[in-house]
Amino acid sequence: MKYVGRKILTMLFTLLLVSFLVFLCFTVIPGDPAIARLGTDATPEAIEMLREEMGLNRPFLVRYADWLLSFARGNFGDSYSYSMSVADLLLDKVPITLAMSLMSIAMIVVISIPLGLYTARHEGSVIDKLIYALNQVIMAVPPFFSGILITLLFGIFLKLFTPGGYVSYTTDVTGFLGYLFFPSIAIALPKIAMTVKLLRSELIEEKKQDYARTAYSRGNHTGGVLYKHVLKNAMLPIITFLGMAFTDMIAGSIVVEQVFSIPGIGRILLTSISRRDYPVVMAVVVCLAAVVIVVNGVIDIIYQWIDPRIRLEGEKS
Amino acid sequence: MKKKLKFNACVGGILTGGMLLFILTGIFFLPYDPDAMNAELRFAGMSLAHPLGCDNYGRDILTRMLVGSRTTLLVALGTIVVGGGVGTLVGALTGYFGGWLDEVMMRVIDALFAFPSILLALVVVSLLGAGKYNVILALGIAFIPSFARVVRSQYLKLKEMDYVKNARIIGCGHFRIIFVHILPNTLSVLVPTLMIGFNNAVLAEAGMSYLGIGVQPPDASLGRMLSEAQTYLFAHPLQAISPGFAIVLLVLGFSLLADAMEEKGCRC
Amino acid sequence: MKRSISMLLVVVVSLALALTGCSGEKQGESTESQITIGIPQDIEDSLDPHKAVAAGTEEVYFNIYEGLVKPDSDGNLIPALASDYTVSPDQTTYTFTIRDGVKFHSGKELTVDDVVYSLKRCSNPDDPVLLQAGMTGIESIAAADDSTVVVTLKEPNADFLCEMTAAIIPQSNEDPDHVSDGTGPYKFVSHSPQESFVLEKYDEYWGEPAHIEKVTLKVCANADSLVMELNGGSIDMMARVTSTQADQLSDDFNVLEGTMNLVQALYLNNAAKPFDDVRVRQALCYAVDRQNILDLTSDGHGTIIGSSMYPAFGKYYMEELSDYYPHDVEKAKALLAEAGYEDGFTFTIKVPSNYTQHVEVAQVIADQLKAVGVDARIQLIEWETWLSDVYSGRNFEGTVVGLDASTLAASSMLLRFNSDNSKNFVNYNNPDYDAAYSRAVSTTDDARRTEAYQECERILTETAANVYVQDLAEFVALNKKYAGYEFYPLYIQNFASLYIVEE
Amino acid sequence: MQMLEVQDLNIEFHDHSMPETVVYDFSLSMAEGDIVGIVGESGSGKTMSALALCGLLSRHDMTRRGRILFQGKELLTCSRQDMRQLQGREISIIFQEPMTSLNPVKTIGWQVEEALRLHTRMTRKERYEKAIWALREAELPEPERVYGQYPHELSGGMRQRVMIAAAIVCQPRILIADEPTTALDVTIQDQIIRLLQKLNKEFGTAILFISHDLSLVRRLCHRVVVMQNGQIVEQGDTEKIFRNPTQDYTKRLIAAIPSCDKEKTEWNQIGTVVLKVEDLHASYEDAGNGIFRHGKEKEVLKGISFRLRQGEILGLVGESGCGKSTLAKSIVGLKRDYQGRIVGAEGRIRMVFQDPYSSLNPSRTIDWILEEPLKLSGVSKSERREKVREMLRRVGLETGIADRYPRQLSGGQRQRVCIALALMSEPAVLVADEPVSALDVTIQAQILKLLARLREEMGLAILFISHDLRVVYEICDRVLILQNGQIVEQGLPQTLYRHAAHAYTKQLLKASGVVEVNI
């Protein structure tokens, strides 16, 4: 329990650091939210008045403390450019990115684990080599380009979906998921390649361990050794990798949302950065960071669940 | 296994060598001015004079590839020098000394890690303006956490080795131990990581170009050329094929080499 | 093992097919007429028309809100919510008769109070956020009777009528930021940020009603995937596509050509060295080959211009200025040498990265300037940075953008070049120009005013205030199912004129 | 008919372009209830042979020339299915490293039951009972509790018992034990040996015992096979071979066993005191640094005092966890947070570590490694080279190895380099932490001789830490027995070994078989 408490404390500290960094960054970069809002017709008086109204003329630390206090109270503030609260804006967009990320994760798990097992078991076979080569090539294609290729292949040639034909989940859930299926492939593809490769090499590495030899000595066949003994051990680094991949995927979804014209969190983030819409940027970044940190916390828990060694250490300290 | 290893090293070596040779050629010889525009040659197809055709400004694609791959190489190398350098330093110091320094630095690294890298790049670019050196800086900073983590775990492991203790007993200073005694031993892990980092930098540069925060026109880089070309993907696919192919070859060659090295590193 | 993998693939693929199959059917179901129009940027402004600043917003709000007068497709102002108006001979008193039977989208009847409220609201100098730029010279706004509004000016202003396009909104609307209530042919339905902005036909429109029931504006922020989205069928219409994009469209589309109605130029900071020397600016004008720019960036489409005025301005536009500086490298070099820059110089062109057409032109200009030994570096910056650094901060050497006009009054293009104007971001400083301009605005005689404005334009050209390039060609991609698109000389999209072609 | 009959087994590896033969013409026969030992140094092929017998080597690696007959069944050519039927049921194996040979993420019970799940149709309950039975047979305390635990929760000795329990759960005919005690403390070692003996007697399980430790083999085995470089040198009855070895190699092996029988010349304590340790207390903080975490402190040294004189070799004996490593660290200055006093020879104490593989920087040449202490004191390049050469000669190495990397040297050579490194800066005291326990017996003898010679030549004082009572007897002038951070007994080896007063000393002596002659 003490362990969990300490963990949460560390997480909060990290989050605080992230928020401070973002706030700092957006104080130093050029571009004035007041000017951004008023455009080319703005008079200097109007800009000055708006700056005052938005509280931009206060010192940096005061603004940060102010933001932090209202954030702690669950108030994300109002968007500068959209006349709505940040919370409303994000609540609308979170399900989109979330659905996409979850679909990608599901694809990664569902596809790469069997493939990893297969290639590790049939190490050196033709299919193994083929998958290896395919993996290497997939990893070498820039993500946005594979997104474009997927659009070309499935959208234009096979006509499985309408490029840019995003359907909101509020109007049509199946259509929504159907459209997100393809961008999810684009996000998942390089991760699948990496996971298969990593899982394969981990399995092969673990297969050489003494305990695997013990398992063989009891009369297990190769499959038994792989599934019953080696897989669980080999999953440990995979889980860590998936945690990191998740962080990557959130960043990657920014690009993919752009390619597939999906109005998700990444799009909101990009536009609000360029619009200097700080309340939105802060909320998005802090929430993303929170998700990343929480996911890593969950990974820790899964890790403990799988690896009894960590469990003990956790209890001890 | 053995055979495949050699195969990896061979193919990787050939691809990487080929690309390096290509880039090297570009330093000494350019068939045309890479930025010279010519309205008559817009979207010219393949010909003897222009083996890869011309782009939307009538610039020779081969020439731009020669220049662009050099920029890409520069950006990727710069990124791993910045990211790898700082990451290694941070990882080495935190891993070796531990204690509160480790705790504080790792929190900062965690924070950096939880920060979407694209956002980081955007911030750096907004702050300093776009351009290849700022791209290097942006990607370099974004890459610090991963290198720092790898190096730190190596140092955590290696500092317990007896030869490190021995070095302390014979009176070596901490910094001598960190950089002269331990660092060379992290290379077997660090070098493949750096090579993978190189690949990620090439891909990230392409991604940044796509988002319009990469190398500045008229400068060419493979990523920039690829993202410029996608506007004309339907009418003039040729313009996208060459840089796309070059990126794939470059990354593929490096990752095959990295694989081969990693295997070899495990062995000895 | 093998079997399980192939099973998996089957499941995945069939799932994908099932899902997309569903979504495909859904689209065919709707019976009401509708059109999906792509917009390059989200409508981020408030729903309050007086707060709207982005051009992209204003062109859409044209369909929702109306002023006392509004422009037609030739740029002439025609009565809208005012059924008639008169101008006093001294041009200081405007009398508007409010149209009968006009209803707001909320069902409320338009009254004279709403008009007075709206006009006062956007001409109040104490509220700079709502204040519309041209509304500063108003003496009084008053309702003469139930159907007449009288606006009195402090001094004559020939262009004042243009300001009367300002939107009229009901006084009773307490939250104009979030509740839209206008009188236009379309009414606002919903807005999902970064996704869509939906309009619906207003059945009780006072004028000729719109043809299409539902207009969905879909945000297509990514210019690169635009062609795929058009060809894929998720957008029916997109304005301002480039010639290359237009080339790649499938047979389903008609491509309509017009002009963008803006002055694209390499704007030079006249206060910064070396552009404070008129010879340097002239040299750059000679060094730039405008036809070559058009050839390289838009297959030769576009109108070459030579001053801060584009053809849609009609009588104010001076075509003869467009070849004032023919492409002449030698002359450019000579001028540079004369100014003391025989070895050329280096400067930076800041370009807002989101405007592809300006980025492309900047690249070509940079390439052309090399021939005279000038090394122009391109720096892409974000639009917001451009606004604060270049436009407000005037911290730049050169920038390629296009300036447009909010009204067809010549002043909307020329005012900014007065040496003390707050929008004079190029720091143009010429007493002759200031004099000519004040002559233009002070006269009530149309011919003399036109002549004075033309004088202004000529001065700009002769002193090479900026390197003027072109009024960009505009291409509109419209699915062949639809027709009726009208070009406006202003930044306006009129959805009401669109209709569905019967098969 | 013999139960196990091996004829002309040849093992070749095909990793490299040239096939590499590791075992030549191995032949062996075993009957029910036999205990046969295979001895040999590292690289002798003993482990390979054992793995081949229980089908853990790829058949690809074995030439078809030989035969392995188990109860008349040909194991080299039978189907894999048949082989698996035997594995774990008829033939079981336990390995050297109990730490890594158990699956870390599975419970003990699951692993012990595995053979039952694979080979029998027992119900869950039957399996549980059988597993508990096996754990009890392996003399694990509280088998019901152990059943639900994970390997990392057990000590090394307990893990090896779990391995044994898992191996015997199907009551196999033959148990192959590959160095089962090497990684364990002497007292535990002794217990495991006794356990194996008991199993052999109770169930008649034949045991093939593979070890490099001749004294263990002598205590346990009926017959012994001596291997060198993949070949059988000699085999026969244990006692016969130990008394009358016929082959040179066997003779050398036996001679290399440090003996506790011979008389030692008494050490005259006249040298000056070079190191004085007074009332040393130290604790060890486990797993925890940083702002939010605090490790628990555990006292490992509880008031240690002793003196070390010039030219003296002081033995320090104790089992794992007794605090000897902490003591060594404190003396050489790697650990500073202790209470008490360590006086003398400041800066002139050097250390030799147990594992010559990890104590030399793998990415540097021998030259570089040896020059490092000189570089720190600013000696010129040519002088450094000269000194390194001289030191290499002194520790009995060729000067030609100077430009090689540690991985290119053998274990013995590496340990010599380690000693050379320690001596480069002319120390007064050498702390040798188990310097020979990772080495083969013949190499061990050479290193011991080297240390003794260096002591003579340089007047070095050596603190010799070891768990091996025989080695300590051989080389040390005085012995300290350490238990739980306290010195329980000390004295001259010859008197201490014969007239031990403390119970722990007696237990140690008994467990390592040293005193059997004297009981």
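The chains carry the letters A, B, C and D, assigned in the order they are written, with residues numbered from 1 in each.
In the analysis below, a contact is a pair of C-beta atoms (placed from the backbone, for glycine too) under 8 Å apart; a residue touches a chain by one contact, two chains touch by 3 or more.
Model, not experiment: these values are computed from the prediction.
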item	value
Those chains which touch chain B and also touch chain A	C, D
Which of A-C and B-C has more C-beta contact pairs	A-C
Distance-maximising chain from chain C - centres being C-alpha averages	D
Distance between the centres, which are taken as Cα means, of chain C and chain A, whole angstrom	38
Chain A and chain D, separation of their C-alpha mean positions in angstrom	49
Length of the line joining the C-alpha centres of chain C and chain D, rounded to whole Å	85
Chain A residues counted as touching two or more neighbouring chains	10, 30-31, 148, 152, 258
Shared interface positions of chain C, touching two or more other chains	231, 354, 382, 385
Chain B residues counted as touching two or more neighbouring chains	126, 210, 227, 230, 233
Chains grouped in pairs wherever the two touch, ordered by label	A-B, A-C, A-D, B-C, B-D
Complex interface listing, chain D residues touching chain A	54, 56, 80, 84-89, 92-93, 95, 97, 100-106, 111, 114-115, 118-119, 150, 152-153, 163, 166, 287-288, 292-293, 295-296
In the complex with chain B, residue positions of chain C that touch it	223-224, 227, 231, 242, 244-245, 247-248, 292, 295-296, 353-354, 359, 362-364, 366-367, 370, 378-382, 385
In the complex with chain D, residue positions of chain B that touch it	2, 98-100, 102-104, 161-163, 165-172, 181, 184-185, 187, 268
Complex contact set, residues of chain D against chain B	15, 289-292, 329, 332-334, 347, 349-351, 353-355, 358-364, 369, 372-373, 376, 407, 418, 421-422, 424-425
In the complex, chain B residues that touch chain C	35-37, 39, 42, 56-58, 126, 129-131, 210, 212-213, 216-218, 227, 230-235
